[in-house]
Amino acid sequence: MRSVIFIVLGACALLALPHGLSFSQQEILVFLTINILLVSSYRLLTLTGEWSLAHVVIMGVGAYASALYSKELGVWVPVSILLGGATAALMAVLLSFPLFRMKGFYFLIGSFAAGEIIRLLWKRFRDPFGGPKGIKGIEPMPDFSIGIYDFDFFEPVSYYYLSGVVVAVCLWLLWRIERSPVGLTFHAVHWQDKLAEASGVNLRAYRTLAFAIASGFAGIGGGLMAHYVGTINPNSFDVDLMVYVLTWAIVGGTGTFYGPILGCVVLTVLNEIVLRELGFEQMRPLIYGLIMILSILFLPKGLESIVQHLATRRSEKGVKDRRAAE
Amino acid sequence: MTHFLDVDALTMRFGGLTAVDGLSLKVRHGEIHGLIGPNGAGKTTTFNMISGFYKPTSGEVRLRGEVISGLRMHEVARRGVVRTFQHSTLFAEMTVLENALVGTHMAFRPNIFAAIAGWDREDRRGAEARAREALEFFGLDHLKGELAGDLSHGHQRALGLAVAYASHPDVMLLDEPFTGMNPEETRGMMDLMRKLREDGITILIVEHDMQAIMGLCDTITCMSFGKFLAEGGPADIRNHPAVIEAYLGGARHVA
Amino acid sequence: MLELLAQTGLNAVYAASYISLIAVGLVLIFGVMGVINFAHGELYMAGAYTVVLMYTDFQVPFFLAVAMGLIFVGCLGLAMERALFRPLRDNPLGGLVASIGFLMILQAVAAMGFGVRMEHIAPVTQAVIEFSDRVRLPVARLYVIIAAVVLLTALWLFLKKTRFGWALRAAAQDPEAAALQGISIKQTARIAMFIGAGLAGIAGALTAPLVSVNPHMGHSVIITAFIVIIVGGVGSLEGAVVASVAYAIIHTFVTTFYDGVIADIVGLSLMLLVLIVKPTGLFGSADRA
């Protein structure tokens, strides 16, 4: 019962949130929502113990695919976003053949190379990818009305509501997967792949499955972004954004479902709102870099470890209180 | 006639070194079969070939007449031949119950779409029941919430067996299960293996320490320098001149 | 046609020279520290900016400015060792992330100090060696080639002939055994970081008048260096040099006869191919994997 109240209150807060913000902050909010999906899907891949440097490019695969389906084939935008996700997942399955011959550091570098190749192909082939200038005039999400609210998708608030719902559904799916026997098997593959294999787990299939799911959701995120911004080009998905995703995951911590989300929200608020408002425009990468270094040095388990620490202290205190009452 | 588990002229070469040379042995259904030999005899290599960890250079392993050598480890496991590992190879960061649940992977194959939709409640309940059953079998049910890495050495060994047992194996391959155990733990472990045999599971044990498995095995195969040396019941093996020579020679070699 | 081939060959030799300076430093750092230094391209950038500051702004003689670049960037390497890699010794992913953080700091400092626009440096020398009408080698490029040959030979001699070099190689092969033999891991780490960073710094300093100097110039360089060290075998210095030469030849020729993007794709595909077929690289030994 209490959790229901919390969820309702949280949903109301998220609904009210954009109305207290400036226009540019509302736009940031849209990107933040999409980035939460990006980093949460990334965590699903890290469950199996592999760290990829191609995740942002895979998101780009979803963005390019969705933009092209709607533009060239006239697919209805909501459907094309889902198809974009499917295309990204398919790309991951294709990439898994060369990449999962490698592990650990070699997988990291191999995925980086694969991602750069994809980006260069976009750059090289003007038809259909538009070359270095990318794709312009991507179909916007069609406006609609649900009676009490008119969705106008040139307005960031409307798009925030839409992407918020899509991302919430995706997160719920990711959560269901992690909490299922499939998620348990991902963990098993990470911690002791040989023992998992001896228990009948097909390691290659499960690594590929995690890669494909993570990529599919990243692709949906890419589609959401493409139809909001309206233009995409190879540099929208460069290694700088990948570095940000990596940082969110590491500063937040990948031990829990909320860790990467926490990292993404805290760093985005810090980066976009605090530093920008305080006028540290030029120093932002510097401060960002410092935060990365400091957090890896002094908080190697991420922000989530602070939350866990507080939570255990509270529950211990609760137990003590109850004991005292008895 | 086809035997239950049939190892036929198994050979493994690493570069110029022949680790196992034309080894044959037959394991009957429902027995505890020991594979012994001095250090460096090629026991572990043989074990790794049977379990699918290595692909043999030549020769075959057959289960009920079906060739299983050269298959990958999970494919061998899916045919009912499940191995344990030396030392305490466990999912140390997961709970005892979760470890056993991974063991039920083959019996209750997870399906991602069913998992998302929530259609796998039956399977999840079944898997958990099986996992608890396996933990009870090895007397670990009171520890199911603990992290596997926090368990005592003896309990970790038992959990390793429980993970394998949870998958309903026909054959369990045990890799030096008595290493590092005190006499009392060893006795407890031997009792567990007899219980497994009563449960209808065929067991193949690879062991360096001859004394530990004398009282346990129905049949013992002894190998030395990669080759078959002798086979028979515990009494035959204990008194077999070639075996004594191999172990004494090995001891002298080690000393 | 023959002249075009000769000219392209000369270009390839020049490219091989500065690539191998950078890649050898990266391999040296990886070998001893066990960390892939993502900030290596920014060390190269720092070397170039040292020349911008000293040679263009303070009118220091060019070669003195280059030497300053080597020392300054070497010291940056020492600072990285002390502040980042030593505390994160047991955390390879942590070291990688920390080096990404350092990369962002260096880029931001360069952007704040010099602006994001490209810096133009007055040419050191306009002299050109003309082999024929269409086969020419600017002397500024010759400097880079000479520096690479001299420095890499010196490094090779240092590693093979001196006690320090022996300790460095021992530490790279097996840190624990090296520590047991009384080799100071800290000291070898410092030497490796100074040399590795310094090589990147001098590469940046020498090429500063030949390329467009900007805060993001390290990006393409680090990708090239990754390709080279993977193809050559992570941890193999000889492999890095050979792979640099091979990569430079392939890349330069494909650029000349097709275009630069195709050349990049070919380079990356080559790396992916090596990773698939022999992940330890063409010159790497299996046990370093």
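Just so it is clear, A, B and C label the chains in written order, and each chain counts residues from 1 on its own.
By definition in this document, a contact is a pair of C-beta atoms (placed from the backbone, for glycine too) under 8 Å apart; a residue touches a chain by one contact, two chains touch by 3 or more.
No experiment lies behind these values; they were computed from the predicted model shown.
Student: Viewed as a graph of touching chains, is the assembly arranged as a line, ring, star, complete set, or other?
Tutor: Drawn as a graph, the chains make an open path, so a line.
Student: Just to be sure I understand: the centre of a chain is the mean of its C-alpha atoms, right? Then which chain's centre is nearest the mean of all of them?
Tutor: Going by the distance between chain centres and the overall C-alpha centre, it is A.
Student: In terms of CA centroid distance, which chain is the most far removed from chain B?
Tutor: C
Student: Where the centres are mean C-alpha positions, what is the separation of chain B from chain C, in Å?
Tutor: Comparing mean C-alpha positions, chain C is 51 Å from chain B.
Student: Could you grab the centroid distance between chain A and chain B? Build each centroid from C-alpha atoms only and quote it in angstrom.
Tutor: Centre separation, chain A to chain B: 42 Å.
Student: When the C-alpha atoms of chain A and chain C are each averaged to a single point, how far apart are the two points in Å?
Tutor: 33
Student: Going by the touch rule set out above, which residues of chain B reach two or more other chains?
Tutor: Residues of chain B touching two or more partner chains: there are none.
Student: Along chain B, where are the residues that touch chain A in the complex?
Tutor: Within the complex, chain B touches chain A at residues 51, 53, 72-74, 77-78, 82-85, 89-94, 98, 101-103, 105-106, 108, 110-112, 115-116, 118, 120, 123-124, 127, 163-164, 167.
Student: Inside the complex, what are the residues of chain A that reach chain C?
Tutor: 51, 98, 101-102, 105-106, 109-110, 112-114, 116-117, 120-121, 123-124, 239, 243, 246-247, 250, 282-286, 288-293, 296-297, 300
Student: If you look only at chain A, which of its residues touch chain B in the complex?
Tutor: 173, 176-177, 180-182, 184-185, 187-188, 191-192, 194-203, 209, 213
Student: Which of the residues in chain C end up touching chain A in this complex?
Tutor: Within the complex, chain C contacts chain A at residues 36, 83-84, 87-88, 91-94, 97-98, 100-105, 107-109, 111-112, 219, 223, 226-227, 230, 261-262, 264-265, 268-269, 271-272, 275-276, 279, 289.
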